[in-house]
Each structure stands twice: as structure tokens, then as C-alpha cells.
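Consider the two complexes below, in which chain A is the common component and chain B and chain C are the respective partners.
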Partner chain A sequence: MFLLFALITIIGALAMSQQKNVIVAGLCMVLTFLGVAGLFLMLSNPVAAALQVIVYSGAIMVLVLFTIMLLNSHEEEPAIQSRPIQRWVGALLIAVFGAFAFRIVMGSKALVDINTLADANTAVRPMEAMNLAKVGEEIFRHYLLGFEIVGLLLLAAMVGAVALTKKEL
Partner chain B sequence: MGAWMNGSLQGYILVAMLLFIIGLATVMLRRTLLMQFMGIELMLNAANVALLAFARFRGGDVTGTVFYLFILGVAACEAAIGLALVIALFRHRKTTDADRADSLRQ
Partner chain C sequence: MLAPSFATGLWENLSHDIHYIWPQILLMVSGLLMLWPLDSWLLPWTKAEKHKWAIPTMAILLLSLAISVYTPNGLGFSAMYKVDGLTKGFQVLCILASIFAVMLSQKVLGALFEHTAEYYALILFATSGMLFMCGAVDLVTIYFSIELMALCIYILVAYLRNQERGIEAGMKYFLLGAFSSGILLYGISLLFAATGGITTNLTELNQKLAVVSQDKSLLVYSGALMVLVGLCFKVAAVPFHMWSPDVYDGAPTPITAWLATAPKAASLAVFLRIFGTGFHSISYEWEAPLMLIAGATMILGNVAAIKQQSMKRLLAYSSIAHVGYMLLGVLSKDAQAGAQAIWLYMLLYLFMNTGAFAVVIYLQGKNEGERIEDFSGMGKRHPVLAFSMLVFLLSLAGIPPFIGFFGKFYLFLLAVEQGYTTLVVIALLTSAVSAFYYLEVVKQMYFKEPAEGEVAPMDSYSKFLISTTCAVVIIGTAFGPQLLKWTDDIRWFEKETPAAVMEFPNK
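Up next, the complex of A and B:
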């Protein structure tokens, strides 16, 4: 199951980055977000999975697809100037970064240790799934200020988005 | 066939790493602003996967989900503002290409 969702996620992301048509790329992105939601389910976190489906593949991608259709720019515009050297340097840097990150993740002993410890703990006491009651209690007991700040940030973003797109205020 | 293939912590971190790298490649190699925006969303998602994987393997830590919620809020704000900027740019320049939007003057 993990492998299935991981493959959905990675294939969706790869298809998105290679796609010429922006709308199809957006739909590949929805596939990726659904794969990530599946991964969250596998992590016994149905709260995060539901939020992922509602907010990311529901709200954010609908907003993006709506913008793409509004601007009517489905295809990538032809380059004014091809920059082969910069593109190759960029690809090379990403490859080097990826190779180092892969080596660190595969060679990390701490990750294996955390994993063995978690397996030993779940063998004694089975893992219980995350539920909204726990999350709400944690937010309103310990992270109330952060919660209020996120609310304020959302309000500011809403006002900002309206101010940016409106022709004359 | 390592342990990372059947859902160990290493597997999740590997997926998060691949997502981040694909997102980074999209931002660096594509010119359309909307594609770059989707690359940024991909990188945010990679961070979320790593965060919740660590929260799960540290005994179902609730704090991970709380911070996932905060990241979700910030991502929604980023989506609203980013798309508003793209629309404003398109209105002035009739383009969504990052290369064509390289000067402050009209």
C-alpha cells in the first residue's frame, strides 16, 4: 500500500514537471496531492489526509486551475532567448543536491533507530489513529497564539489578493 | 528490497526528498510562472510529508498535525497572493513567462 501511494505521488509529480500543457500539469498535481493524502492515511493520520484532500486538491488546485483558465495561457510561451548553459548548470546542481540528499537519507542511522524504537513501541501498545479531538485540544491549549496568527494571516492574504487584482480601489 | 519499500520512516523521508527535488527542478527549469508556483506547492507538500512521518514515528505526536495545519494556512495564503500577483502581471504585461517579466518599468 505504501509503495502504491508513493508511486502515485512521485509519478504525478514527475508528469507535472514534464507536462507542456499547464492545465494537464494542474491535473497531475491533483493526482500528486491525492497520493500524499494516501501517504497520510498510511501514517495513521486521517485528519491530515482529509485536510489534504479538502484544502490542497480541493481549494488550492481549483484556484490554480481557475487562474490558468482565466489567463487563457495553456501552453508555455516560446523562449525569448534560449539559455542552454544556465539550464544545464541548474539541472547539474539539482542532480548533485539530489545525490547528496539520497546518500544522507539512505546512510542515516538515526532514521533506522527511530524506526526500530517506534516498531518496538507499537508492538507493546498499538498505534491509535490521530483524531480531531486531540488536535483541537493541543491547538487551544498550547498553540492558541499561533492559531490566531494564522487566522490574521489568512485575513491579510484575502485583503491583499483583492487589493492586488482589483483594477481601482 | 530494503525496509524502505514497506513503509518505514526511511521510505517516507525518501518520498519527501524526491518530491522536494522534483519541485525544485520545476521551479528552476520551467519558465511559466504558474508551473513555478506548482513547484513551490510541491516543495511545501514534501515538507508536510516529512513532518507527519516524523510525528507518526515519534509515537503519534499531536504537535506534528498542529503544525501541518499551520503550514496549510500559510500555503493557502501563498496561493491567494501568488495567483493575485500572476493575474496582476498578466494584466500589465500580457504574459505569464518569468523571462518576460524581468524589469520593473513597463
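Up next, the complex of A and C:
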């Protein structure tokens, strides 16, 4: 189960980076987001999964696709060939990093727990499912200061967007 | 069932610790008011000019400076925010830098007719983000406040949106900044996972990291490294400095002066927080990479500056090099002494750097000052200006009689005491290199024939700023030897930190 979602995520990401057509690349990104949503579900966090589907694969992707189509630049552009040495070094680094990540993931105890949980349903759930009420409690109690800062951050982003795009202030 | 208790709980949470963050609240609220009711209603009503916002902004910043000095020490918001000597010290630096930036902005914005409330509001928001950064002791608050500061700065860099250079700089900064934030966040999540996914609080993380099991060491290592990389990007340390010359060159010059000081001060406070308290127990993981980064930063920053033709790029590379020196203080095993040396250095650097930029901005008013050749013959054309520039440059180079020397001296002395002899040798050699390119400008000023050009009047703010910073640098020289003694009294970290340090001695 875990491997399925992980593969969906990784294949989506790889396909996106290889894709020359921007719109298809955007759709591949949706695939990645859905895979991540599945991973959140397996971590018994349906709130994050729902948010992932609604916000990322829904709202943000619509925005991205709209922008791409409005900008009207979906003709294929000849990619600028980077120097081969850079490509090889990059590939090597990715391979090394990927191998390490794979080792960590496959060797971790949590993966075993998740798999037994999904397959047999015998084990006790390792953690309680996250629900909205709990998220709210956490945000407004423990992480209150962070929440306030994020509020200001969003406001600043809005002001900036207006300030940068308006013809005359 | 939940509703009333939840609401009261929320109110209690907010009001209980609110006295720690009054300076930030003041900045936020006044920024908000400035944006909406005051700008659209009050200004047309009073028929005031748009640039009148500068004086209220400075007043607000000064007020928050005063409040931040008198904030009581303590820990609040479920151990997310802490006020201690480190917080206050670096908050003062950030606010001072913002005040200088507002002062420097007057002439530049006035010439381009770009005076808006948004500009000042964004400076206020970014400053409040920096103030949060100085006091944040939880990875969540640290990350969010870094983002708050960075986002406002992206916008301010691209603020002159009719100039292609500014837009390009803003775009570059934004993309690379988003990328580095991703790396920082990834590192934070790896460390969070390695310690069992329970806490993001730095003190608790320190204790948990010390006893983390062997099979997770790779996780801890990559996490700590990624956090280091993310932060190094923010202070533009080599090899994560690529954005900095372009951004410094393209941004409006007052913003460049601000970029070289305020965000760096705040980021160094975070550096000290994270690597001084948070990851102290795993210092063997990040010590070697940080040493490499510090060495590379000093060498590349100084060597690359030699070839520069543009004054802003030269100052950009010189600020990279200065960050390299300051990273020596982060490496110090004695967090107290490290914070003290960095704070002193940053304070002195703030004055020297702002002064140098003020001179550049003055010359820019006449479409000069961008290139180093524009300084030729300034000794004859503007003797006073040239003299103050001489003082700033010599001080930046750390040549003995001037105050910059004392900052460097204390920092290097500390590094030698801590056993980083190789790095100090590099630092001394690269300081000699830096004297070369600073003196190149001096040579242009005093030994070259002046280009044609008439004397333009200075606006009162830059005149004031140049003369004050110059006076501080010169007068401060006399008190240089006492500086360390005065700052000895500041207790940078509250009591719990030395205890934590003692508990987990270095390997």
C-alpha cells in the first residue's frame, strides 16, 4: 500500500520534470499531489489528506493551469542544453541521495508498522487519527504565535502582489 | 461544549504572554493602519504629501526600539518565543538598520516619485518578522518568521517595478529564496522525525538529539546539514551566495544597504540560537561543514570583490566576506562569547556599511556612484564626503586605528582561543586582500583627476546619516578597547542555556 502511493508520487514527479509540454507537466503534478494525499491517509491523518486534495490538487493546480493558459506559452520551447558534465554530476548526486533515502525508508520501523496495519489490520493503531478539532486546538493553543505570524505573512504577500502589479499606486 | 472554554483559553494564551511581543505588535498594527484607513482617508483629507509617511515610520521604529529594550526577560507562547540578551541585542540592530534604511530612502524615492505607504508598511512588516526571528526558540516560529521577513524583502527588492534590473533581481531572489526555504523546511522535518516527532522546541530538541539512536544518525546528519544550508542562503555564505551580487545590484540602493545589515543580523541571531543552543549536542555533525563554509566565504567574498567595477557589487561581495568573519563567532563553543563578538561586529558593521551606502546614494542622485570610476577625484570635489568615505572604507577593511579593527580583533581573538587557528589565518590573509580593493576606491578618490560634474546639494537625511555614522566610527575608535567590557554585562542567554551546554559537552 505504502509502496503504491510512494510510486505514484515519484512517477508523477519524474514525469513532470521530464515533460516538455507545460500543461501535461501540470497534470503530472496533480498525480504527485494525489500520491502525497494517499501517504497522509496512511499516516492516519485524513485532515492533511483532504487539504492536500482540495487545496493543492484542486485550487492551486487550477490557478497554475489558468496562468499557463492565459500566458499562452504552451508551445514547446527548445530546451537549452546544459553542459553534459552538469547533467552527469546531477544524476550521480541524485542516485547517491536516492539510494540513501531508499535505505532509510526501507529500513525504518515505521514502514513495517504501516504495512502490518494495512495488510492484516491486527495490530493496534499506532496513533490516533488526526481530526479537525485537534488541529484547531494545536493551532490556537500551542502554535498560536506561529499562526499569528502566518496571518501577517499572508497579508504582506497580498500587499506585495498588489504593489507589484498595479500600474500606478 | 468547547466553545466558551476554547475562546477564553485562546484569549488567555494571547494576553498572558503578550508583553513579550509589544514591539512587534506595534510595528504590525501601525503597518496595517498605514495601509488602509490612514493612507486612503487621512492623507487626502489633510492634503499631506505621500512622503510624509517617512517621519511617522521612523517615529514608530524608534518607539519599538525603546519598547524592545525594556521588554522583560522570559519565555512565552508555549515556549515558542524567548526574550533574553540575545533577543534584545539583535532586535536593536534590526530596528536601527530599518531606521537607517527609511532615512536613506527619502532621496531615492523622491527622485523616482515612488513614495507610497506600501513601501513603509512592508519595511515595518519585515522588521517585525526580524524581531520574531531574534526571539524565536522553536523551529516552527523560526521558519515562519524567516518567511515573513523574506517575503517582504522579495517585494522591496523588486519595488522599482519599471526598471528591468529590479524585477530581475526580485525574481532571482524569490525563486532561489523559495528553493532554500524548501531545503530548510525539509531539514527541519528530518530532524523532527529523527527525534521521534514530538517536539520542535530547540532546548528539547537538543536533549533529544544527544541521545538519538545510531540508526538515525544519517537522518540527523542530513537534517542538520539542510538546516545549515537553508540558513547559509539567508546570510549569503559561499557557496550559497550566488543571488547576492545580482540582488544587491538590482535592488533600490537604500534597500541594498538594509539587505546587507538587517536580515543578516536577524539570521545570525537564528544561527546563534540554532547552533548555539538547539544543535549544540550534535556539534560534531555541523562543525566541519560550517568551518568549510566560513573559510570559503571569506576567501571567495574577498577575492571576487577585487575584480568588481560596480560599487554596489563591491559592497555586496564585501558583505559576503564580513559574514564569513562572523561565522567564526557561530563556531565558538562558548556561545556567550560568540554572541557577544558577533553582536559587536554587527553593530560596528551596521554603522560603517550604512555610511558607505549613504555616500553611494548621494552620488547616485547625480547618476553617479554606480561605478568605482565615479569616485575619481572626489577628494577635490567633495572633501568632506571623500573623507567620511575614507573612514568607512578603512574601517570596513579593519585597519587599526578605526573601529572596524576592534570588531575584527575580538572576533579573531575568540576564534584563536577556541582553537580555529587555520580559519583565523585565512581570515587575516583575506583581510589583507580586502584592504586592497577598499584602498583601490580610496586611490580613485584622492589620486585621480576629477571627472566633470557640478556639486549637487545633499538632502538633510543623508547629510545627517553620513555625519552621524562617521562620527560614531571616529569617536568609537577612542572607546574601542572598552567595548568588550561594556557588553560583558549583557547576559546573552538565559540561565537554562549554559546548563544545557554543560550537560552535553562537545566531543
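Everything that follows uses one rule, which is that the second predicted complex is superposed on the first by the 129 of 169 C-alpha atoms of A that agree within 3 Å, B and C clash if a C-alpha of one lies under 4 Å from a C-alpha of the other, contacts with A are read in each partner's own complex, and residues count from 1 in each chain.
Going forward, contacts are C-beta pairs under 8 Å (C-beta built on N, C-alpha and C of every residue); 3 or more make two chains touch, one makes a residue touch a chain.
No experiment lies behind these values; they were computed from the predicted model shown.
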**Asked** Once the shared chain is lined up, is A:Ala133 touching chain B (first), chain C (second), both, or neither of them?
**Response** second
**Request:** Classify the contacts of A:Val96 with the two partner chains as first (chain B alone), second (chain C alone), both, or neither.
**Result:** neither
**Message:** For A:Leu51, using the defined touch cut-off, is the partner it touches chain B, chain C, both, or neither? Pick first, second, both or neither.
**Reply:** first
**Request:** With the two complexes superposed on chain A, say which partner A:Gly160 touches: chain B (first), chain C (second), both, or neither.
**Result:** both
**Request:** Give one of first, second, both or neither to describe whether A:Gly107 is in contact with chain B, with chain C, with both, or with none.
**Result:** second
**Item:** Touching partner for A:Leu4 - first (chain B), second (chain C), both, neither
**Value:** neither
**Request:** In the overlay, answer first, second, both or neither for which of chain B and chain C A:Gly146 touches.
**Result:** both
**Request:** Under the contact definition given at the top, report the residues of chain A touching chain B in one complex and chain C in the other.
**Result:** 137, 142-143, 146, 150, 153, 156-157, 160, 162, 164
**Complete:** Within their complex, chain A touches chain C through residues 100, 104, 107, 133, 137, 140-146, 149-150, 152-153, 155-157, 159-160, 162-164, 169
**Item:** chain B to chain A touching residues, read off their complex
**Value:** 3, 5-15, 17-26, 28-32, 34-35, 37-39, 41-42, 45, 48-49, 52-60, 62-63, 65-66, 68-70, 72-81, 83-88, 90-91, 95-97, 99-100
**Prompt:** Contact residues on chain A for chain B in the complex?
**Reply:** 1-3, 6, 9-10, 13-14, 16-17, 22, 25-26, 29, 32-33, 36, 39-40, 42-45, 47-48, 51-52, 55-56, 59-60, 63-64, 67-68, 70-71, 73, 76-77, 79-81, 87, 90-91, 93-94, 97-98, 101-102, 105-106, 108, 111-112, 114-115, 118, 121, 127-128, 130, 134-135, 137-139, 142-143, 146-147, 150-151, 153-154, 156-158, 160-162, 164-165, 167
**Prompt:** Which bits of chain C are touching chain A when the two form their complex?
**Reply:** 2, 6, 9-10, 13-14, 21, 28, 32, 35, 77-78, 80-81, 114, 116, 118-119, 121-122, 125-126, 128-129, 132, 138, 140-141, 144-145, 147-148, 151-152, 154-155, 158-159, 161, 215, 218-219, 222
